[in-house]
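The structures come next, written out as structure tokens.
Note that chain A is present in both complexes that follow, paired respectively with chain B and with chain C.
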Partner chain A sequence: MILNEYKYELGTIERGYNNRSLYINLSDNTIKEKEVTQFMKDKFIGGKGFGLWYLWNAVTPETKWNDPENEIVIAHGPIAGITQYPGSGKSLVVTLSPLTHMPMDSNVGGYFGPYLKFSGFDALELQGKAEKDVIIFIDGNRGIVQIMESDVEEKDSHLLSEILTDRFAKNEEDKKNVSVVSTGSAADNTLIGLLNFSFYDIRRKAVRLKQAGRGGIGTVFRDKKIKALVVRFEGTKGNLNNPADQGKINKAGIKLHREICLLDDKQNRMRKIGTANIIEIMDQYDLLPTHNYKFGSHKDTYKISSDKFQARVTQGLPDGCWYGCSLSCAKAADDFIPETGPYKGQKVIVDGPEYENAAALGSNIGVFDRDAVLELNFYCDTYGIDTISFGTLTAFIMECYENGILDKEKTGGLELYFGNKEAALELIHQMARGEGFGKIAGLGIRRMKKIFIEEYGADADFLNDIGMEQKGLEYSEYLSKESLAQQGGYGLTNKGPQHDEAWLIFMDMVNNQIPTFEDKAEALHYFPMFRTWFGLMGLCKLPWNDIVPEDNKYTDEPAKIPEHVQNYVDLFNGITGKNIDKHELIRQSERVYNFQRIFNIRMGYGKRIHDRTPYRSMGPVTEEEYLSRQERYDNQLKELVGIDPEGMTTKEKIAALRKYREDQYEKLTDAVYQRRGWTMDGVPTIKKLKELDMDIPELIEVVEQHL
Partner chain B sequence: MIIVNGKEFPWEEGMTVRRLLELKKYIYPRITVKINGQIVNEEEYDTKVINDGDNVQCIHLMAGG
Partner chain C sequence: MKVLKKDPEKCIACHACEETCSKLYFKEENPDKACLRIKETDSHPEIITCTQCGECIDICPVIAITRDKNGIVRIDQKKCVGCFMCVGFCPELAMFMHDDYIEPFKCVSCGQCVKVCPTGAIYISEE
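For the complex of A and B:
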């Protein structure tokens, strides 16, 4: 049954913009167009910038994630949709997160974003709540948007996306023109729901999924009773953006394709194995989280090393998640047969594995078993669960279980000790069914801590030390103990501890390139700003530095990959006809970054106190951890702290090291705030906003209350 | 004694770049090695000898994740 239908004029994209967006309110089935103004383009550029701006206007400081006012905004960006430069098909999804109560943003592949753009819209805003499950369909060739009641029984993404691709495609040939956004049954029952964005893989003749994973966006999607979004667009071509200077774009693209072709096999093997190439590297450098981030390596890592996964992913098929991505890291294991759950015994495709999944679903929960990792990965995706949050919160539960904070009685019989893959799988199935201990686990670490403290009498200090969440979001999968800069890369972020703002571990801990607080603060300014830019444009981060020019090492600043930065400047200028340089690129990001910080402050967060991190991210919490790397820590006490560990008990040594490391983090915070132009409480100053041309009255009004 | 990435590291007679990378367990595939500021090409890792007192940088190029 069609609940509402809206017809719109087809248009053409001009220099990367349609200059309009699509607004849908599910409470009353409103569908309308909105103008994308010059103000929006100047200040917020596109993608995540547009998402944050629309969300800012939709909510108040009192709005909760499950209020009808909350929105999910999907937006791409001015560069998105080109096919000449690798990694140009991303969507950015923004919503108020059920985990953090602040704006969340997630960057995702699949064809939805580009097709939305080609259908005529720079963003899709979803507000309100439907009464019954609905499907929203955008026909980008006929200019029709429909809200219809869902008649699909299936609840999990791998089936939903296949059924809807079949239904909305005219024939097999047409399936590549359809993209579906959906989530799975666990998004109804947990706060860690994700969104799956589909693309049709013509070689496999199968629907593939890419995830907007972090922060519970899928949970909001189901709270609005959206079963799926479907877009259909026929006629994808490389020049649909009507760029100002196609030649500039082609030139940058040809250069990068050549680099990938010549160098990827020698560098990161992204085409062969994808991001999983770093599993054993992280282990070797003591950075692979094992057993809830207690340690950085494990004797059994070889069982989940990249060659084990490589043997399982289909060979000879480099897969891109948008046209023209020759870096092609989107791997899949075909014909995988789960051993548990509702799809037991069926042949399925597992999209992945990626590094994060292998670490979250493998080493961090002590499961050194490739097929168990793949099975957990499959179920996370189809049930609509964020793999990172699942892995990190399960690791937390397992440490609580081994410490007697939880037992079989409290977990309903699940023996959740490290390495118990059967229990981890049952936990995930419980999340999907909304049953048992899975319901508690699905609330995330922050809420679990409260329950364990208040109801089970657990030691609050211990749980706050080992619960790897900050701002309510679970940590992603790198061990930051030995890198102060990375502690800041996780802690001094807008959305929570996800490494997509800054990954500085090698620069800091191994290369020792940023020894002073000022050096670290500079890196924690530049890299988060630079990487924010991908989210404004609809770009993938990987082609920036997972492949580098052969002569990169001879440049002034190899870590920035200067030639690729210039490519991005050329792409933006080539599309829009503007004339920015690499400094203006950073300013574009800074505007949105500071805006997001102020948005957080407006929601009651975003201050220094919210940038504090659990001690497990900084140093050894337990004697077991200290003793496992005793020589390293003892030396640090001597050389850095200036005390002789001889004769001290392990407890005393842990306390002394802790005092030192916490103090270092505070000093780093001071330096970073100063570099970013914030007060020592983490509030952007009016001077900074003026410098950025962001002294908009409504922003000034928020910061003034905190200066 | 040599300096590796700003920190002291024991030197041994005849130490090549390859040997140093092994000793440091630096297995990352994209490392730029500099000895006293001069880049050493990968083809020379087996032959280039590090002298006592040299300042060696092994720059792992990864700002990724």
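For the complex of A and C:
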């Protein structure tokens, strides 16, 4: 049954913009177009900039994630949809997160973003709540948007996306023109729901999924009673953005294709194994989160190393998640047969494994079993659960279980010790069914800590030390203990501890390129700003530094990959006809980054106190951890702290090291705030906003209350 | 299968082959729009031609490149989305593009260039 239908004029994209967006309110089934103004383009550029701006206008400081006025905004960006440069088909999803109560943003592949753009819209705003489950369909060739009641029984993404692709495609040939956004049954019952964005794999003849994973966006999607979004667009060509200078884009793209062709096998093997290439490297450097981030390596890592996964990755042809991505990190294992759950015994496709999944669903919960990792990965995706949050919160639960804070009685019989793959799988099935301990686990670490402290009498200090969440979001999968810069890379972020802002471990810890606080602060200014830019454009980060030109090491700043930065400048100028340089690129990001910080402050967060991190991210919490790397820590006490550890008890040594490391983090925070143009409480100054041309009255109004 | 072969030592870099090819393909005498290339170097010229190896077939994300019944690797322009991955990944660097067009182009062993080559530096061979 169609609840509302809206017809619109098809248009053409001018220099990367449609100059309009699509607004849908599910409470009253409004569908309308909105103008994308010059102001929006100047200040927010596109992608997550547009998402944050629309959300800012939709909510008040009192809005909760499950209030009808909360929005989910999906936007791509001016560069998105080009086919010549790798990684150019990304969507940015923005909403108020049920985990953090602040704006969340997530960057996801799949064809939805480009097809939304080619259908005529620079963003899709979803507000309100439907009464019954709905499907929203955008027909980008006929100019029709429909809200329809859902008649689909299936609740999990791998089935939903397949059924809807079949339904909305005219025939097999047309399936590549359809993309579906959906989530799974666990998004109804947890706060860690994700969104799956589909693309049709014409060689496998199967629907594949990419995830907007972080921060519970899928939970908001289901709270609005959206079953799926479907877009259909036929006619993709290489010039639909009508760029100002197609030649500039072609040149940059072909140069990078050639670089990947010649160098990927020697560098990161992204085409062969994807992000999983670093599993054993992380282990080797003691950076692979193991047993809830206690350790950085494990004797059994070889059982989940990249070659083990590579042997399971099928087809042997690299897959991109948008046309023209020759880096092709997407991988899949065909004919995987789960041993548990509702799809037990059926042949399914597992998208992945990504590095994050191998670490979250493997080493961090002590499961050194390739097929168990793949099965958890499959269920996380189809149930609509963020693999990172699931892994990190399960690791937390397991440490609580081994410390007697939880027992079989509290978990309803699940023996959640490290390495128990059966218990981990049952936990995820409970999340999907909305039953038992799975319901508590699905609330995330922050809420679990509260329950364990208030109801089970757990030691609050211990839980706050080992619960790897900050701002309400679970940590992603790198051990930051030995890299102060990475502690900041996680802690001094806008949306929570996710490494998409800065990944500085090698620069800092391995190569010692940023020794002083000022150096680290510069890195924690530049890289978060630079990486924010991908989210404004609809781009992927990986083709920036997961492949580098052969002579990169001889450049003045190898960590920045100067040649690739110039590629991005060329892409933006080629599309828009503007003439920015690498400095203006950073300023574009700074505007949006500071805006997001102020948005956090407006929602009651975003200050220094919210940038504090759990001690597990900084150093050894327990004697077990200290003793496992005693020589390293003893030496640090001697050489860095200036204390002779001789004769001290382990407890005393832990305390002395902690005092030193916490103090280092505070000093780092001072330096970073100063570099970013913020007060020592983490508030962007009016001077800074003026410098950025972001002294917009409504922003000034927020910061003034905190200066 | 017919394949355009080369004997660079005979090449005098007169570029007649490129002109003929671009004229046939794009109605224009422009070596930048030819499906083969003569690169002048310090020693004898380098001739860049397609060997019909078909590496580009698996590279194409939309299966727009296929081998026809005669073994010739061809691009379906309608299916092509213009990503130029095939251009970057060609082992012979014999997949070409020009900014005037949004799809790449390549040699289909038609042999017209062979007819105008004064020295026999290029020839069609049956493989």
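Keep in mind that, in the parts below, the second predicted complex is superposed on the first by the 706 of 707 C-alpha atoms of A that agree within 3 Å, B and C clash if a C-alpha of one lies under 4 Å from a C-alpha of the other, contacts with A are read in each partner's own complex, and residues count from 1 in each chain.
The definition used in the following text is that a contact is a pair of C-beta atoms (placed from the backbone, for glycine too) under 8 Å apart; a residue touches a chain by one contact, two chains touch by 3 or more.
Because the structure is predicted, anything quoted here is derived from the model rather than measured.
Engineer: Check the residue A:527 against both partner chains and state whether it touches chain B (first), chain C (second), both, or neither.
Structural biologist: first
Engineer: With the two structures laid over each other on chain A, which partner does A:247 touch: chain B (first), chain C (second), both, or neither?
Structural biologist: Once the two structures are laid over each other on A, A:247 reaches chain C alone.
Engineer: Contact-wise, after the overlay, does A:504 reach chain B, chain C, both or neither (first, second, both, neither)?
Structural biologist: First partner only.
Engineer: Tell me the contact category for A:553 with respect to chain B and chain C: first, second, both or neither.
Structural biologist: So A:553 only meets chain B here.
Engineer: So in the superposed three-chain picture, is A:260 touching just chain B, just chain C, both, or none of them (first/second/both/neither)?
Structural biologist: After superposition on chain A, A:260 lies in contact with chain C alone.
Engineer: Let me test your reading of the model: by the given contact rule, A:317 touches which partner, first (chain B), second (chain C), both or neither?
Structural biologist: After superposing on A, A:317 lies in contact with chain C but is clear of chain B.
Engineer: Of the residues on chain A, which ones does chain B touch that chain C also touches?
Structural biologist: none
Engineer: Can you list the chain A residues touching chain B in their complex?
Structural biologist: Touch list, chain A to chain B: 266-268, 278, 280-281, 284-285, 355, 478, 499, 503-507, 510-513, 515, 527, 541-542, 545-546, 548, 552-554, 558-560.
Engineer: Considering the complex alone, what residue numbers of chain C touch chain A?
Structural biologist: 58-59, 61-63, 81-85, 87-89, 97, 99, 102-103
Engineer: Hey, which residues of chain B end up touching chain A in the complex?
Structural biologist: Residues of chain B touching chain A: 5-7, 25-30, 32, 39, 57-65.
Engineer: Which bits of chain A are touching chain C when the two form their complex?
Structural biologist: By the definition above, chain A touches chain C via 83-84, 176, 202-203, 236-239, 246-247, 250, 253-261, 317, 320, 323-326.
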